[in-house]
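Structures given as structure tokens follow.
Next come two complexes built around chain A: one with chain B, the other with chain C.
Now for the complex of A and B:
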């Protein structure tokens, strides 16, 4: 009887101490967003859930806390490529916008568009890029330079290596874009890639961002 | 007489403990933490994704991970997708790196550093595990990280990414027997936790993401060269003129 009570007590203590991930399915584990943070920060951010730092840890012993939350959208809810792009969108777009902003002299008016097979995703990419440029204090226009239907029909026949260069030259020569306008295009060029590329069009010259 | 009885009981207890430990097993649960749960757009099973692509995989040693094994596994995975792979285990102290021979210089250089970032064991659970004859599990948690960067032959960084995963290992007769029973009767094969399924799942994730990263790097190189066709592999034979 005494042994059984002890065992029950041990098991219940163990149950409290066991990692919650042990009780989750594979899908549930993959749909958690987790990151580590110092126990002091965790206690400040999640009071009541994370106890404050004990004195011996304040004195120097380093501990951290793994914080997890369930994703709003499951990993498999969107097409794989869209999910891969959108889940890294802010980091990718911030990097490209930073490079683009460094290559253009201040005072330019920025226009942004994204070329992606799915229109809603393309719009998200473009909005993210506009926001990122605006956050850097740049003048960003909502207007997207648009070529005529005839120009677009010709562009559609060109190989990928030429299409952006020709479109850029054409938009400058037809005054769709002025000398103070800069166009930042973000795109994927291969159906199986998950990284965005970007190019700049300024005064009729197109260049890919490194 | 009392002492003999006492000794007999002690031997019996130690015997039971030994049997319990011998019969115990591990249940390991894998949880992708950073990057690895993200879906990929390439199919790592396609045999010609990296046809005519020469890759050098350089594995850097770090705490808690065997770079030789990592390099060997990555070589096997990329070779199955059509790449010509050479490997190199970078040892800072060694005179020369152990590189496998290659016919032509690599087009892409993949640097992989895999390391253990965190390890923790619950002392209370370990104690309870011993005193309960492993009915209460001892739990150890590991977090590993992989930093991957891909450069072209000139050293230009084409892609880089960091991944992290967590392994929670429970040791004990109770947890092993219970999960073994659930695996046998209820859980589908993909959900089973008593075997090496966690290794297969992690390998699938890491190799898939590495393939995706290499594919992205290839496309980026093509864009930076303004879509010029890739140069045909030159045979770098040992007999130079």
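Now for the complex of A and C:
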């Protein structure tokens, strides 16, 4: 059974708040995600737990509600780096997709792939990016440009800073990617980091997104 | 010090106001519901409900189109049992909602690993990633599109990313949508055959929550007709009744209810009558009332009727004479007091409105023929009635 949300009423009229988090253990608190909502929204979403907004507050006084929910997966259930990436996946990918879309002229055919040590997480990142680009009205393909085994063997010998640039040039020179194709790659550069980076490959030229 | 005491008093007062505004029963129901509905599989099903509901409003295809359900991936570290459940849920929804114009196609080779060797090399991939290889091998299902669903847990939000791709060399995404649970609000658990928006589902839920008190005040308008007797020339006129009372349920399921009613009937030049009646009803269409479908109850009841006026002559144990009929002396009007046993059925919609039919037996006049018999099964049912009820 998943724990239901806890509600913490911050009543500005009283100037103080009830804090059910006080009755939680430290581990339980670490697994809470909290959002602040207007009381009217909270009353609609949590009927029976949050009272309707009194008339005098509708007239002008603002109150809000802090709703704390338990995470679907506890913080120690997945590797810490995976958890950090996946917990912020939507926000990180949306930002990178928006930047990438702004740098490429309309009409391009987008291909997306992610490079991450864990294959399931890499697929999640790639799917999120593809979906985000497609929702922006761009032409996106599920097909990932693949180089030959010989090319991959050569790329494996290169330093990581050179891999993407060389792979991009090779994809264009071998016609794996055409002039209308754009490749968006998402990756972590340092194995210790939890922020995604992205680069664009177009007409054989690789550039990192700002 | 005085300011601290004042602040605490204000805080307690504000807290008290907040708690008073919440019905404890609603709070308990909501907490219980939230516990059940916040299960991850229900939240995932909720997202699929919303996805299919969106398709019913704006179908991805103009005509019925075969689509392969190519993949359902669940949050990293959750099991594949969830995938099977979600696949089944989606298939059920799409089948029950033809407005989506999606027709799921079975394609086992699409999700199988295929090895394709060509002039450019050998490629190992899933079938849906190499549809041209499937086509060459004669394993294509004929479907031109594939549907992918990807779920991921992002903190306390569950996110669904759905995309429809073409099953050709381009693998072009023709439709994509991202849906997320809204700040972990409990799943609405919508009915699959009549999908509604979240707002509508929430409104229905609140109405149902508000209408689920243990006590109701039914107001009934009905008519009772009595079978014509064989030994009298007096034709019985139907009695129009208006009643009001109190109905109590034994639980929120309302499987068993009991009610007490007081009824009044009046017909000029005929009668004035009052009746007190009690009923016990049992839900026949399940163990709890439905929020979406009418409920059928069976009930038995007993009551006492008292009336006076010419119309009450038929309730006597003797055949009425011409003197009885012509007697206009109001001080000597015929009077009758009799007991009534009732059996019947009531069809109710959301415990708001209902219609019932019933048969009644009048044990006191079992031996006379002033009133005939409609049905004779173990006991004689001399009266047949219909009621419309409104519950408040």
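Assume the second predicted complex is superposed on the first by the 192 of 210 C-alpha atoms of A that agree within 3 Å, B and C clash if a C-alpha of one lies under 4 Å from a C-alpha of the other, contacts with A are read in each partner's own complex, and residues count from 1 in each chain.
Just so we're on the same page, a residue touches a chain if its C-beta (ideal position, glycine included) is under 8 Å from a C-beta of that chain, and two chains touch if they have at least 3 such contacts.
Every value quoted in this text rests on a predicted model; they were computed, and no experiment measured them.
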Could you look at A:205 and tell me whether it touches chain B, chain C, both or neither (first, second, both, neither)?
neither
When both partners are placed on the shared chain, which of chain B and chain C touches more of chain A:
C
After superposition on the shared chain, which partner residues are touched by A:152: those of chain B (first), chain C (second), both, or neither?
neither
Which superposed partner A:46 touches (first chain B, second chain C, both, neither)
second
With the two complexes superposed on chain A, say which partner A:120 touches: chain B (first), chain C (second), both, or neither.
second
For A:139, select first, second, both or neither according to whether it touches chain B, chain C, the two together, or no partner.
second
In the superposed arrangement, does A:103 touch chain B (first), chain C (second), both or neither?
neither
Would you check which partner chain A:87 touches, where first means chain B only, second means chain C only, and both and neither mean what they say?
both
Scan A:67 for contacts with chain B and chain C and give back first, second, both or neither.
second
Chain A positions touched by chain B in one structure and by chain C in the second
11, 13-14, 18, 32, 35, 87-88
Flag every residue of chain B that touches chain A in the complex, lowest number first.
27, 29-34, 37-42, 118, 122, 124-125, 128, 131-132, 135-137, 139, 141, 143, 156, 159, 166, 168, 170, 174, 190-191, 201, 212, 215-216, 219-220, 222-224, 226-228
In the complex, chain A touches chain C at residues 1-5, 9, 11, 13-16, 18, 32-33, 35, 37, 44-52, 54, 67, 69-73, 77-78, 82, 86-90, 109, 118, 120-121, 123-124, 127-128, 130-132, 134-135, 139-143, 146, 148-149
With touch defined as at the start, can you tell me which chain C residues reach chain A in the complex?
7, 10-11, 13-15, 17-18, 21-23, 26-31, 34-35, 38-40, 73, 75-78, 120-121, 123, 129, 148, 150, 152-159, 161-163, 165, 169-173, 175-178, 180, 182-186, 202, 205-206, 209
In their complex, what parts of chain A are in touch with chain B?
7, 10-11, 13-14, 17-19, 21-22, 25-26, 29-32, 34-36, 64, 66, 75-76, 80-81, 83-84, 87-88, 159-161, 189-195, 197, 208, 210
